[in-house]
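Both complexes shown next keep chain A, but they swap its partner, so chain B is in the first and chain C is in the second.
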Partner chain A sequence: MGQSGALTADRLRPLVESHGQRKKKWKTNLVAYAFLSPWIIGFILFSGVPILASFVLSLTHWDMISPPRFVGLENYQLLFSQDSGFWKSLYVTLEFTVLSVVVTVIWALIMALLLNKRVKGIGIFQFFYFVPAVLPSVAMAFVFQLIFNQQIGVFNYILSWFGVKNGPNWLMDQSLVIPTIVFISIYTYTTGQMMLIFNASLKEVPKELYEAAEIDGASAWQKFRHVTFPSISPVLLFNLVMATVGTLNGSFSLIYPLTGGGPGDATNVLSLAIFTSAFQNFQMGYASALSTILFILVALISYLQFALSKRWVSYES
Partner chain B sequence: MKNGVWKKTSLVLGAASAASLVAGLAIPAMNAAAKKKDAQVTINFAMWGPVNPKYNFITAFEHKYPNIHVNLTEIPETNYSQKLNTMVMTNTAPDVMLVWEADIRRFAQNGYIDKLDSYIKNDKSLQPSNFLPAFRQLDQLNGGTYGLPWCYATHLLFYNVDMFKKAGVKFPNANWTWQDYENAAKKLTIVKNGQTVQWGSAPIGFPGVWYSLIGSAGDQIVNSKGQLVIGNGAIRAMEWQNKLTNQLKVEPQPAAKNSAVDLFAAGKAAMILNGSWMISQYNSIKNFKWDIAPLPHDKVKYDDLHTAFFTIYSKSAHKDAAWKFIQFCMSPEGQKLIEEGTNNPSAELSLSKYNWYKNAGPNGPTNWNAFTEAGKYARLGYVLLPPGLTTYLTNEFNASLLGQISPQQVVKQGLAQAKQMNG
Partner chain C sequence: MNKKVIVQSGNYLLLSLVALIMFFPVIWIISCSLKSLNDISSYPPQLIPLHPQFSNYLQILKGSHLLIYLRNTLILIVGNTVGTLISSSIVAYPLARMEFTGKRVVFALILATMMVPSTATIIPQFIMFGKFGWLNTLYPLIVPAFFAYPYNVFLFRQFYRTIPKSVDEAAMIDGCNHWQLFTRIIAPLSRPIFITIGVLSSVFWWNELFTPLIYINNELLKPLTVGALTYFTTQFTTLYNLEMAMAVFMIVPPMLLYLFAQRYLVEGIKTTGGKG
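The block that comes next holds the complex of A and B.
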């Protein structure tokens, strides 16, 4: 009481002011959230709720047309059992993701570097590099099925010029099918989009840095290693994360029309296994359990990518 | 000033009188239109792919029943079953659906489609006894008639007549065995400079053919509970295909799923085992004569029936109109159009004499008896299994031909997969 009695009007003023500031800050935040609300509501309704619903469904047995039946962790037990195809699917998914991300990111970066060369008609090159990326993946799969057909495919026909009489069965050979699909994935929209992003970020690298490096007698590799790479590293991280998430979740649209998961289960990636379980076998509970695992996998890998990025991504201008 | 007021007042009054006159005349006209609209019924109908415009049974129905409009929902074949299941689940299913074999039982058991017994009781031609035996068995299994087969298809042997003549090989017939097929394929394969320029046999054209071969080798394939039953027959079928592909080298390795390449149509292979619906596609072949025969057999003659059933959605608001549409499609008038448009025969025995499906192209086929022959023993087999399981197994069958897995292992894994699906 004595202490509060000692409070004077002067000593109270800063508190009153800070309260006013807080109120103002709160109002500013509220306005910002109001502007963000369409996206937040959309996210909650179309992403948050389905994610939660999928987790709940993973604890049920549901064939889409009869009411769901609660089965606890049965779907997960089934999934982790030795007889299930889950382990093979997981292995194929990780193998395809690592190969595909590495190859497509490097390819997109090389293409972007080429597009940054000062040559005549660069716009034409840019057009031709990007055109395959805007083809629908189903149409592209159809074209590549023809190109890689063992009997009448163009690829084996070209090989025959070099003395390869009976070319390989590219899309049906267990050891070749993943590298073949990885090769095809460099023509997808994701790779084309990465190329454009790299292209834009390369244009932002300060030219003075290159000039300084040249004066110091740096080689082309040294310029790339010590100037280009640090400058575009945040964009590289962005592309790596996007390519990883895109490959883990979206490889279905390329693989399903191309191989349908075959030969055997050589290309049965998790996203394809989810589709088959849900919409061909009507095992929605099992498919939801697979989706939950894929969600955790994507979250873990993305977290790792961000955590490791502290070692190599440079945010200094 | 006064004049101006009068002018305005008379204008307003004039406009008001004109409006009431228009309204007075319009209201009875609108009532008449509303009544007419009430009599007009629109029913929704779902099927995969487009209707052949030359043989459009929907337009013919609308012509006959001008008060019923059929709104067609075309769903891509690859997502057909998935989409129907989703529509049924969300209470948005169309009034009439063509339902595939694997779905009809589930829909019936869960009350999503109506039993048609009360509708067909007064119509002799729609009694189960007038349909192919396999459909009668399905009715018994389902505990009543829940759908009427729109037509039927089987698997057939397609062969290049010109290649057979050139090689001096006898044409395939209904009694051909696997051995006959193998012998012919050997004679029809041409190798030049170490490269095969003509194959005796193309890889299996449609995945379902695998199951017909397995059935012919003695396996039951599906039991009365709708479960997968494969064993030695499957092993035998894989071994035979392996012999053609890898030992005799008269058939190339299988191509990727849904391959865009058809070596038979391209004139690179003398024979192919494929779905009968390919007749309508092969009709455009211009370079060679071709014909059809029943599938070659091993231990028993076996073929698979394919169809879809006209069904009425149990929550339809227009069941009478829906039934009228089905009745028309199953009538001789409707069946004629369906047969001509699909090259598939009617499943109604009383209509088999008309042979409307014999709608050949310029180069084939001529041996239409292949259909009726296959229809005698064809059954609803693997089509009753979940499509995901049969797709999985087909991938494994192909993997066995590529030496990636043994036939015994395929059977073991297939049964394990089926067990997992059955819970």
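The block that comes next holds the complex of A and C.
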């Protein structure tokens, strides 16, 4: 009897409170969304509507002079046709992104491992390792054009010490330009950012694990493979995603001042192709079709990130 | 003991080699900025200029619009930093310290928009700002900052979450509403993240190339990046020495900023990789 009485009271309490609670909750929501309002306006004006508008524009012909004309999927047909340059552009984008992600993640990890050596003056080394990351890509492009110049470049001069005479024209050679730009991407902000993130996570690896491994007589490689690597693998995954998105987003600032997409279309990544067709050839519809495809590409990668992030979060706790 | 010395020297050697690779471009910029055009083209290249030409700097100061570019860059930095600090700090508040309907959706949208490249949304934005009559003005580059950048919202949220909830409860008992709680307690306690985002935003706008390249055509409104790029690509022969002198003006301020605000910069970037 007493039991059922308690039950009734328990059932009644939510009913009694729900009216007041609902009112309070409504007020809280109102306050919360008032705080969020700058972002809501920004999201609508600068992300949501532009993404939809981009898709709508991709169904038109528009040169910014005469009014836009609806053409259905013609831009996409044009895009996917053999001689449009789109496939080349997509290929270069993927090639550059994959190579650049692999190289910069490994390089950032190497730098972070070095910065974790117990030696004096590590702050000075961190300055040298990180500072290129905060320098403007335009200034870096200027100096790398000079460094990799065929005749007067210091890089070919250094190669000549090792017997390589008449070094190649690194930034003007169809087959060498991508590897060269991938090398230059170790100087970008994304790489510096990953280095600092790796550096912080390496400091959190428990020291006892290393000591235990040393007692067992583990070599430096075995320690890395069996202690360091498992401890930082969630961060490694995070950095891989950061590097992918960072490379796709930052490819314009890196490549445009360096090569302008050349030689030929050897480095004409999607972001450059969008820039050229929209703001130099004024083919707004065609450029919007490219934008839509770039957006889908990034959305797929972001989705992958969300799927994978579930795994790395579970490591944390 | 002997083995330890060898290991330590090996460490220093490796550390220095990587430092040389990373810092070489900076050394080369400074070196070449002091050479004459002849010395730059001479073979073998010299690390230390034989005849230092400090006149290169003067020529850039007088012969180009450097000071005007610099002014425009500073306007962009101040406008964007003020805008994003105000708007992003406000937007992050309910995400960190309130329970409301749709919180997860809003947060997921903010994370998702962090990934959208600016090239994917630039065309409709360009058209929209054109309709406002804002092309060839600095407005399209500054006004969006007042509507919260997702990345900065995320950084603010991460920091707010480290402040104990008991602070809110005490303030609520004293009769504070959320706005008062934010302006009088949470924001003042969050000084470090305000400085961090200020520093990150300054670095970003010092280096930003894409958006100003699209919106600005007027020589007198160009920021440093666009100014330097267009100044040297319109000439028939590249005056490498002057280009490097210009580059010196572009790299020294971020290096100084790193030296003075290292702690904030490094903390801010590490937060990105921290636990969500």
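Criterion: the second predicted complex is superposed on the first by the 249 of 317 C-alpha atoms of A that agree within 3 Å, B and C clash if a C-alpha of one lies under 4 Å from a C-alpha of the other, contacts with A are read in each partner's own complex, and residues count from 1 in each chain.
Everything that follows uses one rule, which is that a contact is a pair of C-beta atoms (placed from the backbone, for glycine too) under 8 Å apart; a residue touches a chain by one contact, two chains touch by 3 or more.
Please read these numbers as outputs of a predicted model, since none were measured by experiment.
Participant: In the overlaid three-chain picture, which partner chain does A:F224 touch, first (chain B) or second (chain C), both, or neither?
Facilitator: A:F224: touches no partner chain.
Participant: When the two structures are laid over each other on chain A, which of chain B and chain C touches more residues of chain A?
Facilitator: Looking at chain A, the partner in contact with more of its residues is C.
Participant: Using the touch definition from the top, say if A:F35 reaches chain B (first), chain C (second), both or neither.
Facilitator: second
Participant: Contact-wise, after the overlay, does A:L57 reach chain B, chain C, both or neither (first, second, both, neither)?
Facilitator: second
Participant: For A:N169, using the defined touch cut-off, is the partner it touches chain B, chain C, both, or neither? Pick first, second, both or neither.
Facilitator: Touch partner of A:N169: chain B, not chain C.
Participant: With both complexes superposed on chain A, which partner does A:F279 reach: first (chain B), second (chain C), both or neither?
Facilitator: both
Participant: A:Y210 contacts which: chain B (first), chain C (second), both, neither?
Facilitator: A:Y210 sits against neither chain B nor chain C.
Participant: Once the complexes are superposed, what residues of chain A are shared between the chain B interface and the chain C interface?
Facilitator: Of chain A, residues 142, 145-146, 151-153, 257, 279 contact chain B in one complex and chain C in the other.
Participant: Within their complex, state which residues of chain A touch chain C.
Facilitator: 25, 28-29, 31-33, 35-36, 38-39, 41-43, 45-47, 49-51, 53-54, 57, 110-111, 114, 117, 119, 125, 127-132, 134-140, 142-147, 151-154, 157, 186-187, 189, 192-193, 196-197, 200-201, 235, 238-239, 242, 245, 248-249, 252-253, 256-257, 270-271, 274-275, 278-279, 284, 287-288, 291-292, 294-295, 298-299, 301-302, 305, 309, 313, 316
Participant: Write out the stretch or stretches of chain B touching chain A in their complex.
Facilitator: Contact set of chain B toward chain A: 79, 81-82, 85-86, 88-89, 106-107, 110, 112, 193-195, 252-261, 263, 266, 268, 386-389, 391-392, 394-396, 398-399, 402, 404-405, 416-417, 420-421, 423.
Participant: Name, in rising order, each residue of chain C that touches chain A in their complex.
Facilitator: 8, 11-12, 14-15, 18-19, 22-23, 25-26, 28-29, 32, 40-45, 87, 90-91, 93-95, 98-103, 106, 109-110, 112-113, 115-128, 144, 146-148, 150, 153, 177-178, 182, 203, 206-210, 213-214, 224-225, 228-229, 232, 238, 240, 243-244, 246-247, 250-251, 254-255, 257-259, 262, 265-266, 269-270, 272-273, 275-276
Participant: Which residues of chain A touch chain B in their complex?
Facilitator: Counting only chain A, the residues touching chain B are 61, 63-66, 78, 83-85, 142, 145-146, 149-153, 165-166, 169, 171-174, 257-266, 268, 276-277, 279-283.
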